[in-house]
Structure formats: C-alpha cells, structure tokens
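In what comes next, chain A is part of two complexes: it sits with chain B in the first one and with chain C in the second one.
Then we have the complex of A and B:
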C-alpha cells in the first residue's frame, strides 16, 4: 500500500452522536437475545459437559461421558444416525420436488406461477402439528389410512402398506413440512438468472436439458445451498413430526432430548443432546454460507484472471 | 421473464408441478374432509356431511380459551418483536455500525437455532431463577421466535425504499425523525404489515416453544390440540385443525393483498 492514501475510518459514517443513537437502537434487541437465548443456551449446553448427581443437580466434575454415551452406546448412536439419515434423505427428496415448483414460479405462465406460489406458501402458515395430523390420517397402517384405502379401492389392497411409525413416515411428512423452505430460495435464485444467458446457450445449439444442466443448474446453486442447509438443519432438529409419525422406531434426537429431561430427568445427557443438535444446525448453516462465499470468490478470481 | 421453457421443460414443470401440488394439498384436504364427516371416528372415507363438529368445538370453553391464549400471545409477541426489531433493522440499514454483520447474524440467529432447544433453555433458565410465570415465559419465548422474521421483513422493506426521496427531504432541511416519519414509513408500511402478519402466524402455530413453557392454566391452541389428539378420536380434532388451516388461509390472503406473496417471501 502506498503512503498517499490516508487510512479511512471504516464503518462509522456519522461519527459522534448518531453512532450512539444507532447503538441505542440496536441494544434492546441484542440485549433481549443475549439474556433469553444466548445465555440460557450456553447454560443448557454446558450441562452436557457436567455430571448429573443423585440430588438432581447438574454440577462438576467436568466430563465427556455424556458425549461418549451419545456417540458410542448403541441405542443413542442409533438415534443420532437415524436423525442424520432422515435429515439427509429429506433434503434430497425436497430438492428433487422443489425444482419443478421453483421453475414453475420463475418461468411458467402467470396463472400457474401464481397458483404454485399460493400453494407453496399456504402450508407454511399451517401448524406443523396440523400437517403431521394430516399425514397420520393419510399413512395409517390399517385400512382406515387414506393411502391403504386408496390402494384397496384400485385393487392393490391385499396387504396394507405399513410405513406409519417408521422413519419413512417421518421423511414423507418432513418433506411436506419443509418443501416451501427449499422452493422459495430456489425460486429466488432462478428468477435472478439473466434470461439472455439461457437464450444464448439455446441459440448456440444446446439442447434444453443441456442448457438446464450447464447453465440453469449451476447458476441456481446459491439458492440450492441455502435451501438444503435450512431443510437439513430444521429436519435434524424437528420434534413434533417424528413424535407423531415415527413412533419408537422413528424417534429422533429431539424426541430423545424431550424424553431425557421429562422422564429420565437427566439434564446432563439433555445438555449433550442439545449440544449435538445445535452443532448440526450451526454446522449446516455455516458450511452453506462458507460454500456460497467460496464459490463467489472463486468466480471473482476466475473472471479477474481473464 | 416468461416463456423460457422448452416444450419438454413445460411438460415436466406443469405435469410434475401439478402432481407435487397434489402432494402439498393432500394432508390438508384429508383433514378438512374429515371435519365435516358424520362418522363417530376420524377415519377415512368421511361419511355424510355436517358442521356439528365445528359447533361442538366452538362451544367448548377450553378450546375457546386456548384460542384466545394463542391470539393474545401472538399479538403481544408480534408487537414486542416489532418494537425491538424496527429500530434495530433501521440502524443496521441506514447507518454504518461497527460489527453490523455480526449484529445482524445475532438478530437472525433464533431462526437457525433449533426451536426445541430455545424453549428448553429458556425453561431451565427461568426455572432456575424461580420465574415460573407461564404467561411471561411464553411471551418471552414467542418474542424470540418472531423477532428474526420481523427483522428480516423490515430489512427487506427498507432496502426497497427510494433513498433519493429520503436524501431530498434531508437536503430540504427535514430533521431525521421527520424524514423517517414522512418519507420512509409510508414506503415500508405494507412490508411491515406483511411481516407482522407472518410473525403472528409463526407464534400462533408454534408448538416446540409452548411445549416447554405452557402450564395447566395457560394452554396455547397447538398444545391444547396436541393433548386432545391423544384423548379424543372423533372428527372434532379435524374440525379444530381445519379452523387452524382457515386461520392460515386468511393470513395468506392478507399477505397477497398487502404486498403480494412474491414480495412477502422475498422473491
């Protein structure tokens, strides 16, 4: 750096009074979050590193025993792996289903685009509880379940399909619950693609599917990454859907956590489970942010090199 | 921006799109169809047609109480989140604040934090200090989950404001609060209203926060509905669920009328 450019005070545009004013405007919200989210969460997560005593109190000695049990004892490990599996499969299925809908919002005729938009957003404001109840009715194992009733009605109903109270029922309902959160960022990405780019690919002779794979798909990756991280972390953290549809076979970390603190009164184990759940959620989000920024930097470098 | 679909693409998008829309609607339609069934149990297929279950649900004093608890909670949480969120979003967007990115990340963090753990941590924290007032705890918990939505929608609205108008007003000698009130506010009102409506629904529909913080006297609607599901097997559960679906449908219509769904969802 040459000495001609004086170092500019970066960040503060209006030094003096207004930076105090802006701080005063930010402080209440930040203080509220610190007092009721950050601090309580740290206390809860710290429990995971301590010992549950017979007296009911969670206190030192500090230990990693809770994590050891969670990660390596078969029953807990099974729940952890099942949680990751359900979150992974749900994210994958959601991507596949979200693409046509996002493309409809971005490219279809106005009436269809509007219809899709309304039907994608509407479930977002219907309680997960109600939607899980709907899936309970749909997936019921006996003949009174809608799916089995339908299969019987069209002649496939020799043996009822039994997916209720398995992880697959949880996957189906989770896909339904989180689909809007994949469609919306994806549709945002797609509408921001310059149509001329796709037209150029087509005019240069690329088949539609090739234009999609080589142009549309890569340009939609920011929305896709954001959607996957949200769906993955929310699925891994869900409670009500596995509680209503998973039974004991489909129980996930959230259900294990609830059981540890309400029936086993083991707050140390609860803290460890909470720690892992937070780590999954933050890991997915930070990982996605990093990936998007890394791609942007890489693209900037590539265009700078030319 | 339209007409970028090839023929095969259109078949895929319209055909698969329609199928997936059916998947989205199926569980809601099943619930609604059973809410008007005359059968004594909520089993498919529905039989006959009646509004009796709605009558019974609305006549149930516990249901009405739970509904009111949820409405009051959602209004109070939205109002408080608005009071905390508007100044914060404004400061972050109009003035350069040191560490703005970090502060914005903190303000939006409840959105990515597992909600089940937000509620549990708050319960443990309040209980350890002997604060067992369920109404107060529910209120604080619901502010936590609605605040990020309001910060986000207010930020989005502020970014769409025509800054040249604000600057013109300032150059003409208007003090900052007058610029805000006469120039900025009229432009962000629809976006803010949409944000408040969305925040209302987030609180109204919430289960994982209330699961921990409700007590026997203060039971929000989703908690009441969930406990009813394990006791009652007649279509009144479907009727209650349908009332919740209708509330959501009203909210969607409201969002569409206020700013249009696309803008409300940031597309």
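Then we have the complex of A and C:
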C-alpha cells in the first residue's frame, strides 16, 4: 500500500563504460572512508573476538569471553540494559511530545506552522556540549540548580528534584537533542495524508481522538518508524550527554567503551562493546522496517482470510 | 432506511476575513429531494456544502435538519453521509473495513456489521471486492465504495461534492444514472455540488444557481432552462443570444421593440423601458434575406458554419455588430436546415414570440 510503504531503495546499477569517469571521481572519497572508517571499524570489531595480552597486544587466541563478560557479568550487563532503557524511554517520550508538534507543523496556519518548525529545529544549531552544560545548570541537584531553586521558591521544599548524575538527566537532555529528528519525519508523513480522509472519518461518526487513532496514526507509521529508529540508535550510541549528565549511575555503553580503551587499556573488551553498539543501531533500524512489513503482511493475511 | 428528513438553510454566510465566500443563503430542501448547487468556480458551492456537513463553521445563519438546529453540532454527531471528489477512502483498510468504519463508530455489533456491510456492498455491486485495498480499485469502483460507506450508516442527508468529477465521460454518465436510482430507491435527501450543468440537469429535482456566494435562481431544471431569471442564468445554463432595443410602439398585443441591427421583437409585457431579452439558439430559424421582416427576427450575415452532427451551429453578425447564434437541427435523411449556407451570405433570422425570455440584466 503506497501510503504506508517506505521509499524503496533504488538498485545501484553497475557502472557502464560511460560512468567510469564518475567512478573515478568517487574514488578519493571512497578511499578516504575505507582507510579511516571501514578499516579501523573492522579492526575494532575484530578485536572483540580476540584476547588482550599483558604486553598490550590484542591478538589470537579467538574467544567469546569478552561478549560473555559484557552480556552476563552484573556490572557490564547493568550498563547494557541501562543503555537500552534510556534509548527506549527517550524514544517513547519523544514520540509523545513529537505528535502534537508535527501536527501543528502539518496542519496549522502557515505562520504558526513555520514558527513551530523554527522552534523545533533551533536546538540543532547549538553544539551538544553547550546544551549539556545548559542542562547541568538547570538540573543541578543543589540549590544552585535552576529548577530546584525555582521549585523551592514556589514552596516544593528543599531541592525536590535530584535527577542530576542519573539516567533521568540523560533522558531529559536526549529528548531535547533528538526531538527534531522525531518531529521532522512525522510531519512529513502527516502532510502526505489526504485531509479528506480524516474528514471522512469524522463524517462517519469518529470523534477527533478516534479519527486520530484509527486513521491519522496508522497512516503516519512510516514517519513514526523512521523517527524511532533514528532516535533509538542515536540515543543508544550517545557519549557526551551521559558523560556530562549521567555520572557513574547514568553511564552508558559509549562511556564504558571509552573507559575500557583509555583507562583499562582493554582493547578487546572495547571491540566487543563497539560490536554490540553497532548491533543495537542496526537492530533498531531493521526492527522498525520489519515492523512495518509485518503489519502489512498481517493486514493482507487478515483480509485474505476474511 | 431511516425516514427522509428535510434540510433548511437560513441566512447562511461564511466570511474569510474580508473575503465573502457565501452570503445569506436561504433554502429549503424537501425530504427525499435531490438538489444540485450549480455555479462557476469560486461561487461558494463547496463552502455551503461543508457548512451543512459541519466541516466549516458558518459566520452567520442557521442549519436545520429535520427541523432540528444543527448549526452548533459537531461533525461526528450530525449523521450525514458525504462523497468527496477524490473518494477519500481509508487507504490502509480493506473495502469491507472501509464500509464497516461508520458502524464501528456507532458501536454496532460484529454480526450485524458484517451483514450491513455485505448489503451495502451488494447495493453498489461490489460484493466480490470486499477484501481488496482501495488502491486496487478503479476510480469508479472507489466512488461506489465511498457511496456504500456513506449510506451504510443510514444518514439523514447525503452530500456530494463533485463526486464524479474525476471520472471519464462515459463512466460519469452511467454513474449518474446509478446514483440517481439508488437515491430514489432509498428516498434519501441529497445535496449535490457540481459545475457540470448536464450533471445537474440529469440528477437534480431542483437546481440552485449560485453566483459570488449568493443564490441567483432556484427551480426545476426545466424552469431554470426555460425561464431564466437573469442574464447570468440564461448564459450559464445553455447558450443564449441577448437582445436589447428601444420601444417602437405600444399596442393591444404588447410592446414592439426595434433592435439597433434592424430587427424587431414583440413582447407581451407592460414595462416602461425596453427590457433585456434572451433567445435560445435552438429557437432561431433561418429564412431568405429578401423575405418580409417577421414579427420576431432580424437580418444577419453568416460568419461561420459548424457542422456538429445533430446540429449545425450558425454564427451570424447583426448589422450593429452584435453576434447571433443559431442551432439548426439536422434530421437524418432530410436535407439539413443549414444546408447550402455560405459564409458572407445575408439571411433573415426569425423565432416565435414565445422564445423571447425577458431577463434581469446583471
């Protein structure tokens, strides 16, 4: 069904004789990426399956011990699960916040729609570092934290909010950072819906919220899955935000990776962590795509069996 | 089927800022009647229909359905069926699920829903398409699904906004017949928006001509065509020649009008000034130029002859420079009335006094 299908990737044709020139022009870029991205990534990933020797070398024998430790030893496992939890909660909260914003962008009067758009996109132009400092100031656990100072002033007791240096500070800051990446694909999806279809639902007796659940929501699933897979994988991969706001309680896989490589000098463990982080990102994307196709298959099956 | 109800609009207006889309529309539509809103683009047909539907909030005026005030009732509580120009089927639901939607919103039970959906699809002869998705149907089939979906909820009114506008001519004509039959059979009150005058003539019990947001004339297709009230209506529905002259004499049988191009008219009216007169092209017959001046007629010069099968269209020019158009019937086998007419030829155009329609100039 055209309304719910993701754009199909076009097949990349093998270049004919005439496109050798364009291939030659691509070559420097490809070589750069291969030398400085693909190769080191492969080395790092391969490290995960090898042993860290006392000499500092990472070499055979090949082993699954690193993965065993990462997945099953309590301290490492906790970090892995926390990473998934932060990514999940962040995705969920951004979805809830993004829908009204995306609907305003898609359906409101032009001036209001443009205003919301600017407000949503604005955080993207500020560096992650600066934003994280900002959240440190806002969320500080003592009276010097703006939020606590404010709440105390209005009479909520002494420092009522203590989320700084926990995963919840990371969630708050991640939602702030990644909200635009959820809103934009959603708004695109919503503008593609024929407004008459929603009017038809209303005329058939659907109150506004039922029209939303039965028509708008299902028809915006392509944007929703695109947004979720991006937000989930970027949150799971984040490093600066948990480093500045998470403290030890809110440390995530990225921070564990850094610690393994720079403090423990365990490049094998670092490789294993990197491998798992890549797997999470890929899993989020494949999972989201699969979900759409599953829905479509289920729908076809349901209609075929009726 | 629910008992048919009447629809009353009173002083209905819609302003967009300084822009007036609809102004003071007052209209009563009887139970079971099909009324067509007809008019040029931008005259406010869609806006009027959408106010009845509840999709546009009126700036002023009232809407009564079956005597009940619904002006402030939200869309989903009005129980009105609507067909959209682009069908507006739910693309993610099968045909059967599309038709079932309105029943589910009303909390109708599963078994009864299945039965009523099947009945509705049978009504539009699409029973075997129940499991397909809308994208797998042709435009005509999609609009029939939309009709089934609108009718299955037993609406008190059926609103149609150019429902056949996207279909090709042959399909449109057969759908018009089907639509008319179903509407008659169910006895449902319906309002059709169209800018196709033939569609309005074919389908409607009464036609409402709109212009610049206001009602121009309301009447049966025959009344609108044979007694147009204004110059606008006469020119919008069918074609018309407009003639205006000066009073030459007043007699027992009426007013004799001299046309500036040398022709004359006889009117049974009592007006002081010479009114504007419309004459339909098909009322005009052609005689030899050297004959006597008829009671209603004028000398003219042939400018163009267009053979159109049933008719020959004869474009003429009067001596004062005004155009005159005649449709001459071509009876198969007989020599056509327009036979042998040559460009530049002088002729005498004439018509019966009953073809003179006095219209308001506006």
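One rule holds for everything that comes next: the second predicted complex is superposed on the first by the 261 of 306 C-alpha atoms of A that agree within 3 Å, B and C clash if a C-alpha of one lies under 4 Å from a C-alpha of the other, contacts with A are read in each partner's own complex, and residues count from 1 in each chain.
Following the convention adopted for this analysis, contacts are C-beta pairs under 8 Å (C-beta built on N, C-alpha and C of every residue); 3 or more make two chains touch, one makes a residue touch a chain.
Note that the structure is a prediction, hence the values are computed from the model and not measured.
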{"item": "Touched partner set for A:217, first chain B, second chain C, both or neither", "value": "neither"}
{"item": "Chain B versus chain C as contact partner of A:261, first or second or both or neither", "value": "first"}
{"item": "Partner chain(s) touched by A:59 [first = chain B, second = chain C, both, neither]", "value": "neither"}
{"item": "Contacts of A:81 with chain B and chain C, given as first, second, both or neither", "value": "neither"}
{"item": "Chain A residues touched - chain C or chain B, whichever exceeds", "value": "B"}
{"item": "Touching partner for A:201 - first (chain B), second (chain C), both, neither", "value": "second"}
{"item": "Residues on chain A lying within both footprints (that of chain B and that of chain C)", "value": "199, 202, 208"}
{"item": "Residues on chain A engaged by chain B in the complex (per definition of touch)", "value": "11-14, 18-19, 21-23, 25-26, 28-30, 32-34, 36-41, 43-44, 97, 100-101, 103-110, 112, 115-123, 125-131, 133-135, 137-138, 140, 144-146, 149, 173, 176, 179, 184, 187-188, 191, 195, 198-199, 202, 208-209, 212, 230, 233, 237, 239-240, 254, 257-258, 261, 267, 270, 274, 277-278, 281-282, 285"}
{"item": "In the complex with chain A, residue positions of chain C that touch it", "value": "53-55, 75-82, 84, 86, 88-92, 94, 96-97, 101-102, 105-106, 130-133, 135, 146, 149-150, 153"}
{"item": "Residue numbers on chain A that touch chain C, as the complex places them", "value": "1-4, 194, 196-197, 199-208, 210-211, 214-215, 218-219, 299, 303-304, 306"}
{"item": "List of chain B residues in touch with chain A within their complex", "value": "1-6, 8-10, 12-14, 16-17, 20-21, 23-28, 30-31, 34, 42-45, 83-85, 87-88, 90-92, 95-98, 100, 103, 106-107, 109-110, 112-118, 120-122, 124-125, 128, 140-141, 143-144, 147, 151, 198, 201, 204-208, 211, 222, 225-226, 229, 237-238, 241, 244-245, 247-249, 251-252, 255-256, 261-262, 264-267"}
